[in-house]
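Same chain, two partners: subunit A is paired with subunit B first, then with subunit C.
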Partner chain A sequence: MENNMNFFPFLNKGGVYSLPKIAFEIYDYIPENYPGILKEYFSNFSGKPGMWAGAAREFKADMVCLKLIGCHPDERDFGTAQAVNSVKDVLENTDLPVIVIGTGISQKDNEILPAIANHFKGQNLILGCARQENYKEIVKEAKHSGGSIILEVPVDINLAKQLSILISEEGMPLDKIVIYNTSAALGYGFEYVYSIIERIRLAATSGDKFLSTPQLAIVSTETWKAKEATADFAQWGENKARYALWEAVGACGYLAAGADIVVMHHPEAIKAVRLLIDELTENN
Partner chain B sequence: MNYSVKIEGKSFKINHDTTLMEALRERGFPLVLNCGGLGVCRKCLLEITSGKVCDGHSLKDNGKILACKSYAKSDLVLRIPPQMSHYDPSIVKEFLAQKKIKLDPLIKVISLELKGQESSKALRQRIIKEFDKKGIGISEISSEALKNLEGFFKRSCFKVDAVVYKNKFLIDFIENKSKRAVMPALAVDIGTTTVVLNLFDLRSGRLLADDAFINPQVSYGADIITRILSARDLLVLKNLSFILKKKINESIKKITSCLKISSDDIYIAGIAGNTTMLHFFFHVSPDYLRRGHSVTTVDFCPQSRAGDIDILINPEGRILSLPSASSYLGADILAGLLALPDYEEPFILADIGTNAEVVLGWQGNFLAASCSAGPAFEGAGIKFGMHASKGAIYKLEIKENDDLDYSVIGSLKPAGICGTGLIEAVYELFKKGIVNKRGKFIEGTSERLRKNTEEEYEYVLVYRRDSLIDSDISVTQSDIDNFILAKGALFSGIYFLCQKADLKFNQIKKFYIAGGLGNCLDIEKSVKIGLFPDIERNKFFYLGNAALKGIEAALLSGELYDKSEFIKESMVVFDLSAEDEYMREFTASLFLPHTDQSLFSNKNQNEVKAGIDGK
Partner chain C sequence: MYIIGERINGTFSNVNEAIKKKDKSFIQKLAVSQIQKGADSLDISLGPEFKNSTDAMKWLINSVEEAVNTTLCIDSPKFEIIEFALKAAKSPKIINSSTCHDEKLDKYIKLAKEYNSSLIVLTMDETGLPKDLEGRLALAVKAVQCIQDNDFSIDKIYLDPLVMPVNIAQDQAKTVINTIREFQIITSPPVKTIAGLSNISQNTKNRSLINRTFLALLMEAGLNSAILDPMDSDLMDTVKATQILLNKTIYCDSFLKLR
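Entry: the complex of A and B
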């Protein structure tokens, strides 16, 4: 299998094979603790992921990432049918590639993710996340869907490779796997994740086929969790700009490390990163 | 209140407020207590044949009880359940890689003859002069020898044999008349679990007798740390030393009387053992070993006079050991290095046991590390794990139709599985695709796979009707997880040392395996599951009990003994727990055979994949 990751980010090697992508993160339901800064932009879209997805074009994101927060048992505990509807809504309102990420609770994900894979065969969805303890259930359906799967590991290059091997042995083609090392925001372990993403990319350049997969970095929710980004504390500067910067810097860092898809949700941050990518790759 | 207790053909009295464990321990029953008597490991099970026992909660008059928690409430008849039966270590056989040694023993018998003429010189001076003429510089004569000096010479017409230690110390005189056929010496390997003694002839190196027994210290804890913790109580420390020496002395008595020689004829004993064992033997507190980095109280054990430390060989005899390199790399691994036949570099010496020490010999240095594999290789921490003794499954093969073939040590029916058997089991399960590369059971791949009462998967090796014990014998998911941790520790330790020396596996010329596990080991299967590196199979050698061979070699050759200090100085010890990169290597090796599949040949990969696809 030909190694398709045999170059470093932003370097042109006889024609760049694939550009890094920005995925615009939206939800099926907006929870209480959604940052006020973002509520200003998007509060109208709760429960209307389709409309929200439509906004992605405006920010020039390359992909849409639908996170099924509403299905989380602690939020609205939406069932499979509703999850499927949310995805349908998004697909009908955008022609960008779609990533669908579950709740993180294996029991729930094992219900909704295989159902989504089944329902949307041929739509080339990227489904996440499969972990060590539940990858089998998800791969079982996902491998027939024609789409891809995101595997999630707790920031460990060996665990990533091991899970990649196990998933491909379950029948998932290697070029349909995305590696996600649980991201951390600036100040919360960012460097650690950075080094793992970089190491994986280095391994890929030396020919390790199980690590030659695109890598995902989720900057949006991590920045949301960082109090330095959200706190309205004058001494830290104007918080709207601060939030956007926190997310933008995180995203740029991960892109430099070798992440291929960065998931973001602040419009200004997305604009900044878009500019960076375009400028760094335009003259290549 | 006293009660009488009958167990395994022996009877004794027990006090109502002593636990069964304490009483049995005092009487030398080798109950293995992994947890040191906390009631957790369940390895001290006894069965009530008759009588009443209080097990800490209720009164029981039948069934199994924990010896560590039980008190007698009436006269008792007890029995030890089959899987707990006495460990007969003599079953552990040896494969020798012979080493040629230039004989120059540490104890020599030199004949002296003082010419009869009167002399104004003192007898002592004349003796020293005689030795001088032979080119031996005596610097000290023992007080015992001096005491008997005059009498000896007078009786034997000035012709005697002198026992000389290290060509310097005259420690005794023996009658010339009673020309001894042999010059016996003792070599002892004090293992954490087993103690082995060899009585051999210093003149030829020939083995005269041997004995082995379970280290009585196991009743204070199966592992080193538990024992070190118990020994914080100085009375316990004293006892640990005492019971060990007592058993060694009993053993010496046994073998000398069998051979019809006197223990007074033994003038030297060499002790090999890991650092902690040596501390206990010489009654030195090992407490510092468990704290911080590699701090030993003593790194070189003194050469003691037997009479001073209560070892029952000739009181003037010397007891010596070899240096320890660190808190976990002791005299045993050093002795192992001495035991190596003339080696080519680079070589690897791996002692497979709980401590799993590994040494890489390269460019005159010995890079060493203790991999701390844990007791899985010795059968502990495994549900049906046991030592390589009667009733242990040591070989197995999974055939078609969920059929299983196995071989058992010393018996037709099995009672459990030993370290070697576990290696075989993991290989077979992996080959047949019943476990995946992470060692996890794959549902639906076998009729023998089921969920047990602890809600985890297990694979039944032997059904109750075919087993020696009252239940099925199975391998659980936890057993496999523990095993993979152990094999990962060993392999990554080896890998780490090779990386430090900038060597690739195919550059290794010889791979020596030491430790009891080595003797029935299937090299091919061990490599395929990633326990050993994938190097040519003819490069593997069994050394058997290398520590014992090493200490014997040191006693047989002064040159080798002196070399041991040099070897210690040439050892570069790595503390794996403090090395940044080690953790990554360790995680990588927790895959069958390894996360980095290029380390294991393609041929191997295809074979394994076929098993998985086929299911």
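Entry: the complex of A and C
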């Protein structure tokens, strides 16, 4: 089966088409639940996605992932125009590939994501997420944009395959689809997601073309939710290191399962995973 | 499951007529529709009236190659016709078929090597078809030895245990299923297996039902490939459902839409 996928990047010696990628996650707005540990690094960045995007190279990330938290109705409920401006700001400050992820609220995403697809035709954005209830609205514009689309399913390999079929039937080329099985941090369902990523990768190796798409795993915001990572509790070890480790280990695990893109945020965690990818793939 | 479409066969009266009248359009429609229905390869057989005709074989191959880009399974009892076809065809080829008779198999392996063709080997010899699993297995082992002695790749071989009609040799259905299972332990990795599926229902009632039920049983035994009628949509649906039940394909709600 011909494709650009490298199934086992950490085993191959040469002839690899594509190595796993680290996407540095940034936000249009820093929400209330942003962990204090991260504020030490990024407190001046709120509302300045362009500035954040500019820092991605410094952290040796391969991509930038803009999450439009500010557009969420429960956050600042930014409108389409502001969403478009945030994306513009990012694109003006980075030459890395850009992922844009919406709010997770279909009604809102159906407004902002098609508008972004339309506004940034030819910029090769990776737009997310299309779900079972709203994929048609997003694909309608995305398929003309030249970019890619992330389909999101709740840890469900069968639904992932079904949605991959439905999205390609709507006119999205199969090589412009990324699968995202909603990630979970270590201790919060990590192993369920791990097993699904692995099964999808195995299905791809046996020729299932609808599951032969890149897979995305988000460890950044999932780590926010893990009290083991964020709690300042001395008996659990030093908080800063613990947080970074929680995010890094989650990312490494998903990479081992077969994820192609890990979305990360903590600079030290990114550094550790960068080292892992570079050292394990140095012969490729 | 590697599917070889069986419809371009001169034993069907409409195909025989098309060959006689040089009705290219009929043959090409048959080629295209079999591929569209899921065939990975097309069996090409002249049938009894034109069995010795190299002209007819050339015309048939050209007609098919003009319409589709696929592997051709050259089906003839005549060595000379097969050799001619291998020379004439531009596509990748499968020779259908040789028996395990020593001299014949040797000749066919050399032919397959010369034209970089795959080869279907029937587990029968000059004494006929063995009645039991052990007899077929013994012939298969001998054939594999001959293939290895000729330095021909096992990858290019399909072992065919020979399917008999269920209304004539009812006990043979289960023997064939078990033989398919046993063929897979002769070599590592296993040699590929094939069945001429429609033979099971020759002259029976409810042919489609018998064909698809037998195919599911053969697939469970590990069958890799079958020569069958891809225009039978119930049969093709059975392939898809069986692949899911055997955990070879991931289930999704649209599983019947997929090739």
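The definition used in the following text is that the second predicted complex is superposed on the first by the 274 of 284 C-alpha atoms of A that agree within 3 Å, B and C clash if a C-alpha of one lies under 4 Å from a C-alpha of the other, contacts with A are read in each partner's own complex, and residues count from 1 in each chain.
Operating definition for what follows: a contact is a pair of C-beta atoms (placed from the backbone, for glycine too) under 8 Å apart; a residue touches a chain by one contact, two chains touch by 3 or more.
Predicted model only: the values in this text are computed from it and were never measured.
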**Q.** Combined model on subunit A: subunit C and subunit B, fit or clash
**A.** clash
Q) Which partner does A:156 contact after superposing on A: first (subunit B), second (subunit C), both, neither? A) first
Q) After lining up the shared chain so the two structures overlap, which partner does A:124 touch, if you call subunit B first and subunit C second: first, second, both or neither? A) neither
Q: Quick one: classify A:165 as touching subunit B (first), subunit C (second), both or neither.
A: both
Q.
Looking at A:206 after the superposition, I want to know if it touches subunit B, subunit C, both of them or none. Which is it: first, second, both, neither?
A. second
(Q) Quick check on the superposed pair: does A:43 touch subunit B, subunit C, both, or neither? Answer first, second, both or neither. (A) neither
Q: Would you check which partner chain A:195 touches, where first means subunit B only, second means subunit C only, and both and neither mean what they say?
A: neither
Q: In the superposed model, identify the part of subunit B that clashes with subunit C, out of 60-68, 330-338, 528-536 or 564-572.
A: 528-536
Q. So which bits of subunit A does subunit B touch that subunit C touches too?
A. 157-159, 161-162, 165-166
Q. For subunit A, which residues are in contact with subunit B within the complex?
A. 132, 156-159, 161-162, 165-166, 169
(Q) Looking at the complex, which residues from subunit C come into contact with subunit A? (A) 248-254, 257-258
**Q.** subunit C contact footprint on subunit A (complex, rising order)
**A.** 157-159, 161-162, 165-166, 199, 203, 206, 208, 210-211
Q) Tell me, which parts of subunit B touch subunit A in their complex? A) 436-438, 584, 587-588, 590-591, 595, 597, 612
